[in-house]
Each structure stands twice: as C-alpha cells, then as structure tokens.
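Before anything else, here is the set of structures, which you'll find just below.
Presented sequentially are two complexes of subunit A, the first with subunit B as partner and the second with subunit C.
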Partner chain A sequence: MQRATANRLTPYMFMAPAVVIMVIALLYPLGYMVWGSFRDWDPSQTIGEAEFVGLKNYITLWHDPNFRESLGVTLSFAFFVVTFEMVIGVGLALLLDRNIRGMSVLRTLFILPMMIAPVVVGLMWRYMYHPTVGTFNRFFEAIGLPTVDWLGANALMSVIIADIWQWTPFIFILSLAALQSLPRSALEAARIDGATGWQQIIHIKLPLMMPVLIVTGLLRLIDAFKVLEVILVMTEGGPGLSTEILALRISRTATEFRELGVAAAMSNYLLILLLFITVMMFAFTRWQEMRANRLRAAVEGDE
Partner chain B sequence: MPNIHLENLIKRYGDVEVLHGIELEMADNEFTVLVGPSGCGKSTTLRMIAGLEDVSEGEIYIGGKPVSRLEPKDRDLAMVFQDYALYPHMNVARNMSFALRLQKRPQAEIDKKVKEVAATLGLTDYLARKPGELSGGQRQRVAMGRALTRDAATFLFDEPLSNLDAKLRGQMRAELALMSQRVQKNMIYVTHDQIEAMTLADRIVVMHGGYIQQQGTPEELFKRPVNKFVAGFLGMPPMNFLEGEIFERDTGVFVSGDGFDLRLAADKAAAAKAHQNKEVILGVRPSDLTFDADASKQEALTLDVMVSEYVGAQSVLLCRCGPAKVMVEVNSETPVALGQTLTFAVNPNGVHLFDRHNEVAI
Partner chain C sequence: MATSYDKQPPAFYALIAALVVMSVGPVLLMFVNSFKLDVDIISGTSGLIFLPTIQNYETALCDVLWYKPDHVDHCSLKFGNAFGNSLIIALVSTALTLVIGCMAAYALVRFKFMGRDSVSLTTLMVRMVPPAVLLVPVFGLWNNEFCIGKTTYVGSLIRETFGGRGDVCLAGTHSGIILVYVAMNLPFVIWILQSFIVQVPRSLEEAARVDGAGPFQVFFKVVLPLIKPGLAAAAIFTFRIAWNEYLLASALSDRNTKTVPILIVNNMSEFNVEWGVIMATGMLLAIPPIIFTLFASRQIITGMTAGAVKG
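Up next, the complex of A and B:
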C-alpha cells in the first residue's frame, strides 16, 4: 500500500523543482503586482506599510482621461500595425513564393529588420525622421517635395511605420513557410480547373493558409500591446500623449509619478486584455484539434 | 472530340534532357495509356499536355491547334491526380463544382450537374463532407467526379489508382473501364502498372528512358513486342529470357544455349537465318510453356523445378535451365514435385528472338 502511494507521488516529486522555480519566478511577482494594485503604494514604502484602498486604483484609472487616451493609442497602434503587417507580409510571401535566382539571399535580407535590437531600431528611425537632417526629409527636399513633421504632428503614424518595418518580416517568414507547405497538386488542380493567379490566391491559397495566419496575427497582436523600447527611444510618448502607449505609461507612472499601486492596476488591465487574446488563441487551436479529431474519427468510421 | 498530336516533344531540366523527341498521335475518343517504369518520362509527358510543365522543344496540338504556350485552363482538359489533389477546405460538392463556379455558370445548372455526376459515382450521400472525412476510395471518386463535372474534351489521369490498396484498385479499375465506355472522351492515362495498361487501354504507349519504345493495341504489344524491354515489361509473370545462338542444321534452324536446343518454326526460321551464329536472346512467356513429358526435345525446354508458387487455379513454377531461371505457368492440378527435371513444350508462336546487342526483336 505504502509503495503504491510512493509510486503515485514519484512524478510529482520530479516536477517539484520546476514548480518551485515557477512559483518564485512567475507567480510571486504576479501575485505581488495584483496585491500591490489594491494599495496606495509609494516606492519609498514597503508593501506592508502601504494603505489598502480596495478597487480605488482601478476605478480612478477607468475614469482617468489620460489612461483612456493611452489605451486608445495602444489599441489603434496595435490595430494598424497588425493590419498593415499582415497585408504586407502575406502579400510579399505570395509574391516571393517562387524559384527565382538569388531568392535565398533576398529572403535573408527581408528578415534582417526582425533581428535588430529594438533600441537600435528606435535610434535608427529617430535619426531618419529628424526634421532637418533626417534621411526622409532631406530626400523630400532634394526632389522638391514638402517635408513632413514626422515625430511631431504625425508621431503615431511614424512609430507605426517603424514597427511595420521591423515586424513585417515575422509575418512574411511564417506565411512563406505556410505557403510552401501547401499541397502542390491542389494548386495544379486549381490551374487546370481554370483558376487565374488571383483566383488561386483567394479560393485556394489564403483559405489553406488561414490557420497559420490567425495564430500569427494573434501573436503579433499580443506583442504589439507590449511594445515599449522603440517608442521610448523615438518619442518618449510625445508629443503630448500622442504616442504614449500603455507600456510606456505604466513605466512612467511607476518611476516618474511614483504611484506603484496605480501602475500595478494598469498592468493588470493590460494583463486582462492580453489574457483575453491568449485564451482566444488557445480556444482557436483547441477547436482546430477537435475538428481534426472529428475528421479522423469520421474517416475511420467509414473504413 | 479533338485528337491530340505530340510533335517531336522534348523536355529539358537544365542541361539534362529527359524526353527525347516524343512523337504521338492519339485518335478521337481513344483511351491511351502511357506506361513505363519510374523515371521513364510518362508523367512529364502528361504534365506537358496538361500545361503544368513547359515544353522545351516541339509542339502539342489539340484538335489541330498548337497549345504549348497556352495556360492549362485554355486547353479544355480535366485531370485526376495520384494524390487526388482535392481542395481540403471545400466539401465534396464545392470540390466538384469549383471549375463551373469559376466559369460563373448559373447556380441551378451547377447543382444539376453536380447531382448528376455524384449519382453516377455513388457520392450523393457525401456531398456535404470535406475530403478529410472520406476514405481513400471515396476521395478517388471525388477526384474523378471533379473531372467529370467539367465536361472537358480530354481527361488526363496521373497514376490515379496507385494510392489505393490492391482490392480497391481492382474495383476502381473496373469502374474506370465502365466510365470510359460511357463518356466518350479522349483519355490519357499514366501508370507504371502494366495490368492497368493492358485492361484499360485502346492504345498502349510503352516508354523507357525518355523514348517511346512501342505503341499499339494491348494485343499487338503483347504478341509482337519490338524489343526486349517491351517484351519484359508487359505480361505477368514476366517473359523468360535465355541467352543463346542461332545455328542452321540439316533438320532446320535452331536456337541453342546452355540447357536448351530449340528448333524454330518456319516463319521464325526465315528471319533468324540472317542472324546465323550470332548471339541472341530467346524469349518465352511462362504461359507459352506446357508440361508435356512426351514432347520432342527440339520443341521443348527441359527444366529443373526449384519452387512452386500456388496461386489458386494456376501455379507458377520457378525452374532452372542451365544458369538461367525460367518461370512456367501451369494448371495447379499438374503433378509436379520439387527437384524434378521435367519437359515443357514450347508454343511455336510464343517464341521471341532478340538481338543480344541492341535487344531489338528479330
């Protein structure tokens, strides 16, 4: 009897070290943050000294126009960034899914932006956007076009462009991989059935790529909500609050305004949002697995 | 239906030429089977007709019109692929109607056509299913249904049965034969399976190494192969080959080698005389050998029986004749014991002779 119990416990004993590390490294800070978000907490205090205020931080935030604006900036940033990146990335993949000489070199070049550290990307674009000596405005001047106030009046658009430049390759690579794993013969059958290039894309390629595209899009969406460095380096959230995305506002609330409780509450709002997207993603993959299982069962039933 | 003509068709991949000037004329409504071992160029030829591969040189005419620069969709043909190539995200009905939907035909017409074809193929109950929910045989049927719905002038089949198990393959082969009688269309069928070729074809085209070896009706090819390759490729169990030489004696013209000395029938003898004292290969099909203890030595092979394979009504005996192995097809009732040396009469019309150097029939 005792041996049986010991046997049953063995797997848990092996898992214990990993669980301990998870609790210390993941759950403890998370719990600390949630706990802190219910307190009026200044960095000079320990968390025990801080006054418990219940949901006050959350309610204040909910009615805070600055927070709302920041949330709006984050949402529109994520929306535009993911939309454009998906369209451009998938489009490029569709264009480059062929055997041309030097294609492997071209593909490597395409994915370079993704491999550069975000801070460097931010600095690079900041110089290129510079109103007088920046690459873009000098170019516009040279060909006689009016210059653009990149990081001033059009700051949000400018950071969106930089992010698109950096992260389109991610979608490009995954779409290209998806495209190249499509069944060749189905595409040939479509050609014989009379599908033009466009019809092949719309009726065959895109529907077959869809599972990969959905997961890719959700991954990018999660990432876009957390973006920080590039914008911090390029605009520091300005001018005004025009590019102050949530991650940036959280860091400033904690360090400049010294309101740790509010920052923690804000983090939790972001966490809830991301959790929602992640759960959707899991639900989607689960649904796909279930569908695959059902298909398999149906086939086996027939044979 | 338009006839198809291949004129000096050449295919190169880089510097490698894989098809060397294919000349082929297919009559209206003919069931043509391209058959040959892997890598013989049969699939490439079919894919060039389909428009899925570029033509390096030469021309393809469909109904007298050169089509080698046309897109597949402009050649009025339908194709069934080896792996079925169904659209996995569409149900059976949508798979079958894809071409018609692209042509923007009226919905009522599409529905009618799909229903009609589904009924003939026994797919009516499966129209709402996706390909993933079907068994291999059903998928194969959908692939054929998709081709039939098109109503194209020419049907191309690229090894359509090779992904099925043996039993289902036999069944689908019979259905295909029925279908080809019912729908009068040009059919071009690629296979490596000589049984499919023999049973389905009006005309067989045997290919090897990028060349057409021989074309004709199954009977012509079976009875009068032009070279050793065709002789060995068609027929199951395959033809036996024995190395020998031609000698003329007072009693007639003989082909003799290690373990045999066979007198040739008059018509063969005349042709063989020209090859006197030359090295030849004697070819005899297993079915042209009959157990006959009383046969004269000059009209028979004497063989040592090594193995007997019982396959029901027939048995295949694996025997030895000198250094060579010879297969004999006998009635299973024939009293044969392993290790015996027996005499098998040779059907005089079943004697084939090939030049040993260029392997061409004499």
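Up next, the complex of A and C:
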C-alpha cells in the first residue's frame, strides 16, 4: 500500500526541482514583468510603490518613433540574417554532401564561431571593421580599392555580416544532417531515371529536406531576436538608432533611461512577436505529423 | 578495408580552403594580435613579421601573477577575479541544470501523471524567451523581493559574518546569477535529454525493477549511464551559455562578482581601446569553448541535431 503511494508520487518527485526553479526564476518574473508594464516604475521604487497607469506605457511606445525604428531594425535584421544564412547554409550543405576525407575535421572548424562568446565575436569584428587599423580597410587600401565606412554608414549591413559569419554553420550542420538521412532509394531511383544534379536537388533533395529546413529556419529566427552582445560591442546600437535592435533598446531603457515600466511593456511586445513565431512552429510540426500519419495509414490501407 | 573516398575537382578543394579560412580566420587574427604590442597592431606595416610578446597577457592577468611585470604600474584590470567568478558560475549552474533537467526529462518521458502535458508545453514555450526580456523583472525581483530582511535571524547572521549594510538580497551574489542561468537553460536541457531518454529500451528498466530496484536506483544506475552522449551535449551547451552570457550577469553582479564578458564590454566602451590587452582577455574567454569544440565536436553536433530535428 505504501509502495503504491510512493510510485504515484515518483514522477512528481522527479519533476519537483525543475518546476520549483522554473516557477521562481522564469514564470514568476514573467508575470511580474506583465504586472510592472502597467505601472510608472522607477528602479528606486519597489513595484508596490509604483503608480498604476493602465495601458499608458503600451500606447506611448506604439506612438514612439524611436521604438518603431528599433522594431523595424529588429525585423529587418532578423529577416536578412535568416534569409542569407538559410541560402548559404543549405547551399553549402548541398555542395559539400560528398564522401570526402576529413569531413569531421571540417565540421569541427565550422562550429567554432558558434561556440565563442558573442562578446568576443563582437570584439573581433569591431577590430576588423575599424576604419583605419581594421583588417578589411587595410586590405582594400593595399589592393587600391576605396575604403568602406563599415560601422558608420553601413553599420546594419556590417552587423548582419558578422551574424552570418557566426550562425551560417548552424544551418549548414543541420541541413547536412538532414541531407545525409534522406532515403537513399529515392536518390538512387532519380539517378537511374537520368535526373541531372540540379533536377535531383530541386525535385528530390529540397522537398524531402523541407520539414527540417523549416524548423531550422524558425529556430534561427527565434534566436535572431535574442542577439544582443555582438551588436552591443560592435556599435552600441549606433550610429543614431541604425543598429539598435529591440533587445538592446530594452536594456538601455531599463538601465540608462531608468524607465522600468516602459522597458517591461517593450519586452512584452517582443514576447508577443516571438510567441507568434513559436505557435507557428508548433502548428507546423503538428501538421507535419498528421500528414505523415495519414500517408502511413494510406500506404497500409493499400497493402 | 577502410572506406574509400571520392576524388573531387581542384576547385572543390579551393572552395573548402576558402571556407576554412573564413570561419577560422577571425579567431586566428585575434590570437595573433593578442601577442602584439598596440604599436604593432596600429602601425600594421608588418602583418606577420613582429616580435611576439606576452605583455598583453601579463597585463590582463596582473592580479593573479606571482610576480609583478615591469610594464604594469597599476593593476586595474581584475581579470583573474572575473575569471574565477565566471568559472564558479558556469560550472555550478551547468551541474545543477544537468541533474535537475535530467530528472525532469525522465519523468516527462517515462511517467504518465497529471499535468504532464502542461509542463511539457510550458517547457517548450519558455525556450523562446530572450534574456533581454528577463532583464527588467529579474533586476526588480533580485534586488527588492528575493531578500532576507536584515532584522531576521538568518539575515543578521549573514550581515555579521560577511559585513555590508541593508537587507541580504540575491542580486550581487553568485547564487543569484546561477539561479537565473539554471532556470534559463532548463527548458533546453529537458528538451534535448527527452530525445535521448526515449531511446533507452524500456525492458532494461523493467528488468532492473524486477530485481528489486526502486525508481531512483533505476534512474541513476540504468538510465543515466546509457544517455551519457546526451548528457555531454547538454553539458556543453549549458556551459557555453553560462560562460558567455553578458546581459543578465551585468544587471545582477556587483564589483566582486563580475564575470569576464562584463569586464570585456566595460573595457571596450572606453574611448581609447587597448586592442592588445582586450584581445588577450577575449582569447582567454574563448579558450574553454574552443577546447570543448575541438574535443567534443561530435557531441555538439549530435546535440544540435537532436535539439532541432526532434521538434
């Protein structure tokens, strides 16, 4: 009898530490933030002392041109980064999916950029982009090309390039894994039917990889909204607001302008955006599973 | 016979060489520059011909060196201290996340219980929360709410032992930062480990149970040894995030609990950047992840594919 109760309690005992920590340090803070976003909140006050202002923070933000610009920068950063990384990463995977010596060494070298601290990545690129001593401008000067104002007029582009450098390998590794787990029979059949390399890629490889590619792209998209340190170190959001992504603006609103309520409201806008993407990802995987089940059922029905 | 390799056209090898240069080049550049004097970095007349010096590393590590380097008059950069903080925070939070996450993942995979679906859905959802979103609430809570009053017994005891004024709060302590990191990494670790635990054959566990092992014994003696590759992958990812994170650490740490990323950012924002020293500190921060990558790249790749493909 006692044994039975113990067994029923087992899963809860296994879950308890994780649930307690996530509730204290993740869910409660998120609720606290939503609560705080309705208040005129200063870092010197506790949340109870802050005045309740309703939706004021949200409305002010919505009409704030700086917030809108920052939102625009965030969206275009995420869009360009994910697009370029998907194209380059998948392209490289298709190109390098061959039986060659030293592939594992190659993969090791490629994942190096991802593992290094974003702060350090920002530091390396800030040096390379430096207007006079930087690697790129020195190289351009040496071969007689005009120098580029990397972190000035072209700051957003430069930041995007640095992110592409760091995260394309992620897409590459995942699409290579997807490619190598494709059913060999389909490729074999296509080759026997005389499909050219391009035809194989467009009609067989890409469609079969699509589920993995879409999930990878969405994961990368979610992560693109988390980027902060690289940009902070490279440009600090400047010049002007040209590279001030939302994450950076939230941290500046909280620490520099000392408006915690506004920063909380901004965080909520960002969360809503990300929630939307996550729900899309769920819906997609569910739909994929359902379709796979239906196909399997259809095949079994035929036999 | 060993596997045979296909022969490829030379252009293919040229492309691979270019890719390797592109991905490793910036890291090598930083490595080389960290051994140059600032004069050499700025004059730049000689790209590769220079006299390597460890001065930058001496300046960076001046607070832990046993001797006093000639060129350092005042040791302002407390790098050694920050490195110690980073190490404590990253190691403790990785260990905690793994143990806690492992147990939770096991429960989610192997048991049917009330609230299982909502737990697993919440875990998936909070994965998307960016650290920047946690900044405001964590700052507020850790400074104002997660405190022990200085008049209570425990609070006064801590104040008497360690000194300081005011209430005893989580902000500014190692445990405060560790708590956020554990919470932040748990969803990801649970997600990855689930896909490894599913693969453990149920019959093994049942056999152990027939032999009289309790649920905790089954977990620690049968399941854990079998999911070692998954644990390694999860450990590397957790360590990487805790080791590299800047934003939340900067909001929660004080002068004595600063981590290395904070130190680097603070030194970068000054007007006159000392490139040599900064690159030396950057290199020191990058070394542990680089070592992991070189020795455990297979685990990293397995973890990455498991995390993304098993949605």
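Assume the second predicted complex is superposed on the first by the 278 of 303 C-alpha atoms of A that agree within 3 Å, B and C clash if a C-alpha of one lies under 4 Å from a C-alpha of the other, contacts with A are read in each partner's own complex, and residues count from 1 in each chain.
Criterion: a residue touches a chain if its C-beta (ideal position, glycine included) is under 8 Å from a C-beta of that chain, and two chains touch if they have at least 3 such contacts.
As the structure is a prediction and not an experimental result, all values here were calculated from the model.
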Side-by-side fit of subunit B and subunit C on subunit A, or clash: fit
Touched partner set for A:222, first subunit B, second subunit C, both or neither: second
Contacts of A:192 with subunit B and subunit C, given as first, second, both or neither: first
Partner chain(s) touched by A:144 [first = subunit B, second = subunit C, both, neither]: neither
Touched partner set for A:47, first subunit B, second subunit C, both or neither: second
Which of subunit B and subunit C A:65 touches, first, second, both or neither: neither
Comparing the two partners subunit B and subunit C, which touches a greater set of residues in subunit A: C
Partner chain(s) touched by A:123 [first = subunit B, second = subunit C, both, neither]: second
Lowest inter-chain C-alpha distance for subunit C and subunit B in the superposed arrangement, angstrom: 6
Sites on subunit B touched by subunit A in the complex: 50-52, 71-73, 77-79, 81-89, 98-99, 102-103, 129-130, 132-135, 138, 146, 150
Partner subunit A, residues of subunit C touching it in the complex: 3-6, 8, 12, 15-16, 19-20, 22-24, 26-27, 29-30, 33, 41-42, 44, 99-101, 103-104, 106-108, 111-113, 116, 119, 122-141, 144-145, 179-180, 182-184, 186-187, 190, 215, 219, 240, 243-244, 246-247, 251, 261, 264-265, 268-269, 275, 278-279, 282, 285-286, 289-290, 292-294, 297-298, 300-301, 304-305, 308-309, 311
In the complex with subunit C, residue positions of subunit A that touch it: 7, 10-12, 14-15, 17-19, 21-22, 24-30, 32-33, 36, 41, 43, 46-47, 92, 95-96, 98-101, 104, 106-113, 115-120, 122-128, 133, 135, 138, 165, 169-170, 173-174, 177-178, 212, 215-216, 219, 222, 225-226, 228-229, 232-233, 236, 246-248, 250-251, 254-255, 260, 263-264, 267, 270-271, 274-275, 277-278, 281-282, 285
Subunit B contact footprint on subunit A (complex, rising order): 183, 185-186, 188-196, 199, 203-204, 207-208, 292, 295-296, 298-299, 302-303
